[in-house]
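Here the chain labels run A, B and C in written order, and each chain numbers its own residues starting at 1.
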Amino acid sequence: MPKVTFQTLLFRGRLPLIIGALLLFMAFNDRSFFIPENLINILSYSSINGLLAVGMTLLMISREFDISVGSNLVLSGVIAVQVANHFGAAAGIAAGVASGAVMGLINGILVAKANINSFISTLGTMVIFQGVAFALTDMKPVACDLPTFQSLAEWELLGLPAPIIYFLSVAIILWLALKFTRVGKSAYAIGGNIQGCRNLGINVDGWRIGYFIICGACASFAGVILASRLGAASATFGENVSMVVIAAIVLGGVPLSGGAGSLPGVIGAILLLGLIDSMTVYLNVFGYYQKLFWALLLIGVVVFDVVCARRENRRLELAELLRLQREPLRDNTEVTS
Amino acid sequence: MTPLIELRNIYKFFGGLCATNDVSLTIGKGEVIGLVGDNAAGKSTLMKIIAGVHKPTSGEYLIDGEKFVAHSPRSARNAGIEMVFQIQDMALVPELDVADNLFLGKELYRKTLGLNLNLVLDRRAMQERSRVLLHELGINIPAVTEKVKYLSGGQQQSVSIARTVFFDARLVILDEPTSSISIKETRKVLDLILQLKAKGISSIIVSHRMDDIFTTADRILVLRRGRKIEDVRKEHTSMDDIIKKIINAEKESMSQETLNQPTA
Amino acid sequence: MKDVSKRLAQLCLSHSIVAVLILLSVAMALLSDKFFTAANWANVLNNLAVPGIVALGVALVVIAGGIDLSFSSMLAACAALAAWLQPQNFWLALIGPLALGAALGAFNGLLVVKLGANPLISTLGTQWLFLAALFIITGGGIVQGNMEGPFHLIANGRLAGVPLPILLLLLLAAATSFLTTQTSLGKYIYAHGSNNCGLRFAGVNANAVYLKTFVLMGLIVGVAGIVLSSRLGGVRPTEGNRYLIVVLTAVLLSGVSLNGGVGSLFHVLIATVVLGVIDNGMVLLAVEYKYQQMIKGCVFILAILYNNYTTKQLAMLRVSKR
């Protein structure tokens, strides 16, 4: 049983602590921050990034990334708008999400079958997807004023706008899949020891392609929702999104080396990101302080992570030594008794 | 003649745990010692004390009859003690070639503008000297310009051992030198150890394979739970004896040992 | 005879990026008669100078087993500092950016080497950190230098008819190649990327080597910042961002492995030129701008596939020899 020290507790609870501290700070500064409209607004704003993040969490647990999600978001939005303009809203939505799955499939094949490092291959497909979006739109924004298309993101349930509902339902489905099904188990196993999984006869390549498809589909769903909310899509958007999302996932507790992490942590990190964004607006500070804060947080957490891991390693080494030394003694008592 | 290395009453505690318990030993010049024992017998702790990784809690460590305080692996290495690890946790650099590996950290330089600036590497001289050394030791490698990652396990192990000669070793500590090497290559690695002996270099071999120990060692030490329970010349013992010492010895001194075992 | 053909195969496989450049150039020469003119090549290389110089630095860090994504912000910061110092003193405008680059590189290095943070995430953090700091310091506006004097000549002057940025690029490529192939620091950089425990075991201060690599990269980015500042006159804080993808592409295309320990600075230079030739080719062939991005991406993926293929062939050739 590992000992839970104050330090590890502090580390595990870092996101609630930081969020709590920020909320407390706002409570002293500007009470109007807490009106329901603003809080819902934060959630609604976060749900696009949130969809991207929960989709990529599985992928990062299995030790891959997808840098192309930003371009995927843009391209699927463009495809959804253009198909909707020609064949109706339903076809547009379907085409948008399907295109994302195809983009995920392409990434998955490049990584799993052609054995390209996912950082490199998705860097390449990021350029390609954005290039396709450029070619399709002639680099101008495209609009869709079909009311049915826009209604995708316009309804409300219990006062919560549609994007939040979409985000929460996808998050819950993925959380259940991660926690209780083979989908999640395989992700942790592949991220932990890919060669071991191969030796056990697990279809490693199949699963990894699957995770890329899930990631792509989530990104395109976010793209379609965004396009529907704006009633338009533009190819010149979303370059930095993937890095923000990866950073949020790491902050949420998924290590870059894969094999660990959970969805609630990632959702917490996404909420924190939305909170910081909203705070900068409320406090009326220069927009780049928000990036500064985000950067410092990221660096701080990564460094703290390493320090904790080092302590843990030293403790484990000593425990292993103790175990080894005790072992013959135990064997012996069995023999003599 | 003063022995190369002498340990007197070495104790090492980790917390309340006694990893080496009153161990004394001597290693003569050019002597090959086989160090055996079950897991957690204290072999690796003893090796690490000699290699300067651990500082003994008490006891004396003498080199050439003079008291030696090993502050770090580096100070032990300066005294001529080299360690060769198993090839899995390899101490070689796979992307560099054989000559570059042999001279890693001890490069030769060309004169720049007639001055010894230690700026430009003298690759040709390093390759030439590597070739000579490997030939001398009878190590068969396609070319000294081959990257180490393209060599077989036995070849890699041979290069690691050959490197200790470059570092002017007087004592080489080999940790399981033949594990994960093909049987054919095992023979070559063991021959290499005997060649070091012929050059007057002492060695300590830690191995689970009795064959390895008995083909190379002059003297065999058996450790058990931190204590030295046997120190015998190879001629005066047999493989069966040693194996019995490793395993059976436990029962004989059981009751006494349990009393001594700290409970922390 | 067989040996010769094997040698030849090895040579071709290990310099595959050069083959790519030759094939591309021949194709371009056949398609456009403007391609092989001195003016066009001067133009191609001149545009490459800044990303080419940065790529050399980034390649060093990747070979040492790390990665540094903060170069875009470092570049902008160095260029902005140069633009700010330039009206005051020419020499200060040269030394300042170099010092700033080295300091920022050392900052990254300390995070990664001393604290042991993952280089990908921590330099992503410093990318934002440096950029945010730059925005806050400059207020988000353009840092305006003046467009005259010796500083202006750095990017716009010529020596024996060759534009100075090209000479600088070639000079730095030669210097870094010399460093990596002929000096012990270069050897240690490769060794660190390949197996830093082995380097440590050989008695070399591996952390110092790694830290030096980050500082060296900072210095090289500082040089690129000076060139950029001299070319633009005025520098916006976001100026570095558009080089992010180009530089990473050039480094990875050249065969530098993200696992560390593999790659050649000469190939990095060639890979940058390949990217330049592709850009230039699309202009000469009047490819519509909206298609250019797509084509670039496809060429990148194809080149990576080709690179992987040749590396595998090369390894097979080597292993069969023993």
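Everything that follows uses one rule, which is that a residue touches a chain if its C-beta (ideal position, glycine included) is under 8 Å from a C-beta of that chain, and two chains touch if they have at least 3 such contacts.
Not measured: the values here are computed from a predicted model.
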| item | value |
| --- | --- |
| Among all chain pairs, the one with the most C-beta contacts | A-C |
| From chain C, the most remote chain by mean C-alpha position | B |
| Distance-to-centre winner among chains (Cα means, whole assembly as reference) | C |
| Chain B-chain C separation of Cα centroids, rounded to whole Å | 43 |
| Centre-to-centre distance between chain B and chain A (centres being mean Cα positions), rounded to whole Å | 49 |
| Inter-centroid spacing, chain C versus chain A (mean Cα positions, whole Å) | 30 |
| Residue numbers on chain A that touch chain C, as the complex places them | 110, 114-117, 119-121, 123-132, 134-135, 137-139, 243, 246-247, 250, 256, 286, 288-289, 291-292, 294-296, 298-299, 302-303, 305-307, 310 |
| Of chain C, residues touching chain B in the complex | 182-184, 187, 190-191, 193-195, 197-199, 201-204, 261-262, 315, 318-319, 321-322 |
| Footprint of chain A on chain C - complex, ascending | 111, 115-118, 120-122, 124-129, 131-133, 135-136, 140, 245, 248-249, 252, 258, 289-298, 300-301, 304-305, 308 |
| Of all residues in chain B, those that touch chain C in their complex | 74, 77, 85, 89-96, 100-101, 104-107, 109, 118-121, 142, 146-147, 150-152, 155 |
